[in-house]
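Data block below; observations after.
Each chain gets a letter, A, B, C, D and E, in the order it is written, and its residues are counted from 1.
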Amino acid sequence: MTSAPEPHRPSSPPRPPARPGHHGSALPEPSTIPEQGWHCGHTMYRFRRELICGPLSRSCQDQFRAALHSESGEGPERLGAYWTSGHRADFVVMAMDPDPAKVDAVHQQIMAPPLGQFVEATWSFVSMSEISEYVPSLDQYRERLIASGAEPDSPALVAKMNAYERRLPMMMEQRLRPEIPDWPSACFYPMNKSRVVGANWFTEPFSKRNAMMAEHAQSGMAYAGKVSQLITVGVGLDDWEWMVTLWGRNPQYLKDIVYKMRFDEASAKYGEFGPFYVGYKATADEIIEHCRMK
Amino acid sequence: MTSAPEPHRPSSPPRPPARPGHHGSALPEPSTIPEQGWHCGHTMYRFRRELICGPLSRSCQDQFRAALHSESGEGPERLGAYWTSGHRADFVVMAMDPDPAKVDAVHQQIMAPPLGQFVEATWSFVSMSEISEYVPSLDQYRERLIASGAEPDSPALVAKMNAYERRLPMMMEQRLRPEIPDWPSACFYPMNKSRVVGANWFTEPFSKRNAMMAEHAQSGMAYAGKVSQLITVGVGLDDWEWMVTLWGRNPQYLKDIVYKMRFDEASAKYGEFGPFYVGYKATADEIIEHCRMK
Amino acid sequence: MTSAPEPHRPSSPPRPPARPGHHGSALPEPSTIPEQGWHCGHTMYRFRRELICGPLSRSCQDQFRAALHSESGEGPERLGAYWTSGHRADFVVMAMDPDPAKVDAVHQQIMAPPLGQFVEATWSFVSMSEISEYVPSLDQYRERLIASGAEPDSPALVAKMNAYERRLPMMMEQRLRPEIPDWPSACFYPMNKSRVVGANWFTEPFSKRNAMMAEHAQSGMAYAGKVSQLITVGVGLDDWEWMVTLWGRNPQYLKDIVYKMRFDEASAKYGEFGPFYVGYKATADEIIEHCRMK
Amino acid sequence: MTSAPEPHRPSSPPRPPARPGHHGSALPEPSTIPEQGWHCGHTMYRFRRELICGPLSRSCQDQFRAALHSESGEGPERLGAYWTSGHRADFVVMAMDPDPAKVDAVHQQIMAPPLGQFVEATWSFVSMSEISEYVPSLDQYRERLIASGAEPDSPALVAKMNAYERRLPMMMEQRLRPEIPDWPSACFYPMNKSRVVGANWFTEPFSKRNAMMAEHAQSGMAYAGKVSQLITVGVGLDDWEWMVTLWGRNPQYLKDIVYKMRFDEASAKYGEFGPFYVGYKATADEIIEHCRMK
Amino acid sequence: MTSAPEPHRPSSPPRPPARPGHHGSALPEPSTIPEQGWHCGHTMYRFRRELICGPLSRSCQDQFRAALHSESGEGPERLGAYWTSGHRADFVVMAMDPDPAKVDAVHQQIMAPPLGQFVEATWSFVSMSEISEYVPSLDQYRERLIASGAEPDSPALVAKMNAYERRLPMMMEQRLRPEIPDWPSACFYPMNKSRVVGANWFTEPFSKRNAMMAEHAQSGMAYAGKVSQLITVGVGLDDWEWMVTLWGRNPQYLKDIVYKMRFDEASAKYGEFGPFYVGYKATADEIIEHCRMK
């Protein structure tokens, strides 16, 4: 519903190669590969039990194994599979890749005939990885340490900054192209920041939001080595603003960290949460066996 | 639930030819063709995998190609097709035409037998293109420039106004009868302006709404050449007030612009958003291939 | 959950003939025919494409024609049919009659075998026509004119009152037993008046509600000859309080009037709206043809 | 989520016969029969038209008649059946009995094969009858009369109290074990009392709630002989707190009373309403005939 | 969406055996068995009547009996089954075990072919048992007694504390590994604590929340011997924060306690409730018989 001088519709159809933009900078080639971050897909599936009168056929089982077998060169860069508790889904598949077609291909491989007749995708979320605007730069980290009482230019501060500087590239890498930890449990849920009267995240100044996010990060640190998280962005792509993936060394830690964090102001006041799914890491064969489809 | 003197029910059935209205002006002939703007339809579809036990038949594939082949004289003025990520839909079709029957015909062509047995329309939105009341006229544009600090009758102001005057007809054309850019990605979502206590868009004066829309337009300008938008109106026709179509040179820009705009007052405080779908431009054959229906 | 002295349960089962009520007035015979107004039904249908592998059989087509053919003595007093845009429904049927069984019979005729196998009713609304409490009586109309600046007993006021007096019976008739205009488009939607804290229609005094309804009626007058409306009541019968039927000389007017009215206080602050459907007037044959069921 | 000293879990598994409770009083035997009131079930059904290609078989029709035939000794104490307007359901069945298994048995009889293949239960509500805490005792009734201006110990007051005393047992009976009136129409809907900030019924003192309920009862009295009501409780049993059953001498009265009562503070400010269904009293055969299943 | 120094992603993939955590404490081995508490599953099922044209086959009945027969060594530690009133489900199964795979195995046993063709899981909830943070320690219990007026070190206080000390281990046991009482009725519902503006549980200080929970516990004590409760936690695992299981000596008590507790501040102001299901304890055979599947 925006209005007014609308220079952002190109007067002629865009075409390769890169050409100067309105401000003199060259516009990149049209592409589906993000400049930063990867595409990410989470999909929940159930077996259509009403149509299954015996074990899954061998060809269906083979198709399932092939779809979840990311080690062939064909698959996406990252692929995780989990069986899940409860009636909404039997298993969850998570995929990440620079190419959105490769991410969606995992879903299409599962849904292709003949297996697709016996599987229903019951929920999904489409997102991208990114570096959040709340990750402090080296300078911001320094200011934060001083604000917390550190002496400027003290050896302790310098040591912490050096450590942060070394850690930063790996942290960035983990946000954009995370490795999936080899832990047995995970949980998945989407979230929004509220925009209701009296609790509108998007009308708060950056400084206030940044402080709340720092408090929130602090809460998470108590779970170092117990829970690992990935936040991907769904804004403009799917119905929620963010997708949270938590991997847990023990499912109890998933429950504990989400409960603890709910008291952080960022969550307590502004967090709106969608469906939660808990999953247990499994191979295609383990899913088939757990679901008694064999 | 309106009441009272109700002259707007004609005392005799309306009939051609045009006859004087209650205020002396001739009423136009009854018609389904809008006086301004085109009808617009967005429809999301999934293949009914539970019924598909092998490749789509040749006749189904031909029917699909014919429905999406807008170059024959039969189709609507505009037609765009996209495969989409996630479980809610496999593909999106967008059509525009002065005649609502031509827009809906694309949907009916897809849903006719035999193809219709294997396709489910899972979401849609019915709207019309129009010139928003917030698009500044030449005079309003002049006032806005002066309010932003421009010197009245300065050469710079005159130059800007001349440019705007030249751009205006093309802008109008793009709003009413837009060309679909040849970019690989798009996103689609409906929206309302909120009417809750404390954030009621419809009780704000025009001047305030206009200023917020100008700020919102300003946000969009940073994406010139990267994102192109179309706003169509669903008021009275479908469940949301507006439908937003964003075409992106890169899907990352879709995420970035929607996130950035969410902080504009018009969105942060008043925006209510429906389902978001991301799509990747594709021919009928590319959709069939991506969905492994061949 | 009402409590206390409950004289409104009869101590003996009610039985014909009419007997004195608790206040001495005779109670009418039990009946399904309202004392004032007609029963009204709006039903939206889609063809079950997943079950349709070729043209509808001749007997299904005949059944469809018979159900929508209100000119036989069997049908309800009023019957309108429309094809509709979008995925939620293929067509809309609207019926009115003093007898609720006659209204529902149209639905039952469509859903009976064999046609009923291939049709799904996807939405409906059950309501009754009535004279709204906000329609001014002759005296109230006089007061309203004087409040608007008219000179008491002036010839202009007298003339207006005479006109209103002549118009009133026809207006009443149109509210209770409306003729369906021969215009090509219509839209249908249910609505509530909100009861949220800070915007509670039902705790406003009658005078305030009446003034808002008069303003709302005024808005509608700009569309005289372009849009005709019917408000029916669903309170106690279906999930929304009112059903709005708008018939439009052009579908653009439907969009325009609903947008304009949304700024009236009665809508902006208190209106809650359900699903909107746009329809295009059509015979049974035209619906079958538009939906490619032939 | 209650915490702390939790004596209400028995230290040993409960077993017959009745044994002293924690406060010395004997606990009753475990049972499914309420100490006061009956179990109540309302269920809405539609015929699965997509599976019905001709008249219902004789055995299906017989099964339907048997399920709705409460006059055999097998059925529940009360049973009412209604055809209903609109697409959500074809008919409504209401049953009451001290034994919950007898109430549910009506539903199970309808859903058993072969009839159950062709019927879908689309909505239901599970509740119990009870004496509301807002029904005044004889003493409370006296206070209420005096508060309304009656002279203490006046003959008029004494007469009213005598009448109330005589009416009370019948009123209690009607609330706990109501007779279904032989009227042609009824409506059914569930409700909650709101607990939102600014309109929280459950934080109001009893005196305020009691006064609002008395006003509400007063509203109902205008419909003596026209509308009869039953309120059953769903708290702890189903998703809404109460279920309202209104029987109407004419369906117009159902619309009128619900509209009028919506202005009572108890409804206007605190009432939250679920789906509304209107029904027309019918035998099994009449339902079959109305739905053209014969 | 947390940000900043993120030490809680391990720099190398976690692997057995236990290794020092970031704070020097050894991290436990990855496991799906909680350190405290058991996994808990509640699942609601209906028979797919549309597919059932006669009695359930013997093999389906045997499969059902085997799935609900927890006495073999294979089943979970706790297993309860109930038939339920209303259209949403025919029966409820509740299971608890340290191993989530054993809990979900009950569901998978029911959904495996051939029985799974004829059963639909319509709702479920995934949770864990735990000791709530609101259960007073011995010291907190002492403070609470003194705050309620008890004399410090008085014999009465000492006696109460001794009793509490003796009761505490059993109370803990009942929260973590509860025995299912042999009572005929139960109800099940999930709940959240609200986070709306003006009633945000998670921004209240612990002392305030603790006091409200103590009041809530007090309410429950009136139902000692009549109702037994279990609260399990769904935070991070499913869509609601808690799951409530109430077992009732009589279903009336379930209604009574939930109604009474709704007036406690913890519920009235902060409680948000999901679907409620009432169930009646039954063996597999009793469910089959009640549902006329034999």
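Please note the rule applied: a contact is a pair of C-beta atoms (placed from the backbone, for glycine too) under 8 Å apart; a residue touches a chain by one contact, two chains touch by 3 or more.
The model shown is predicted, which means the values in this text are computed figures rather than measured ones.
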{"item": "Other chains in touch with both chain C and chain D", "value": "none"}
{"item": "C-alpha-based rotation, chain D on chain E, 0 to 180 degrees, nearest 5", "value": "70"}
{"item": "Computed distance of Cα centres, chain D from chain A, in Å", "value": "48"}
{"item": "Centre-to-centre distance between chain B and chain A (centres being mean Cα positions), rounded to whole Å", "value": "29"}
{"item": "Residues of chain B whose C-beta touches two or more other chains", "value": "51, 196-198"}
{"item": "Arrangement of touching chains [line / ring / star / complete / other]", "value": "ring"}
{"item": "Chain order, ring traversed from chain C with chain D following", "value": "C, D, E, A, B"}
{"item": "Residues of chain B defined as touching chain C within the complex", "value": "1-11, 13-15, 21-23, 27-28, 30-37, 39, 41, 43-44, 48, 51, 100-101, 103-105, 107-109, 111-114, 116-126, 128, 130, 195-198, 200, 202-203, 233-239"}
{"item": "Chain A contact footprint on chain B (complex, rising order)", "value": "47, 49-55, 83, 85-88, 132, 134-136, 141, 164, 167, 170-171, 174, 178-179, 181-185, 187, 189, 191, 193, 196-199, 213-214, 216-217, 219-221, 223-229, 231, 242, 244, 246, 249-252, 254-259, 261-263, 265-269, 271, 275-276, 278, 280, 290-292"}
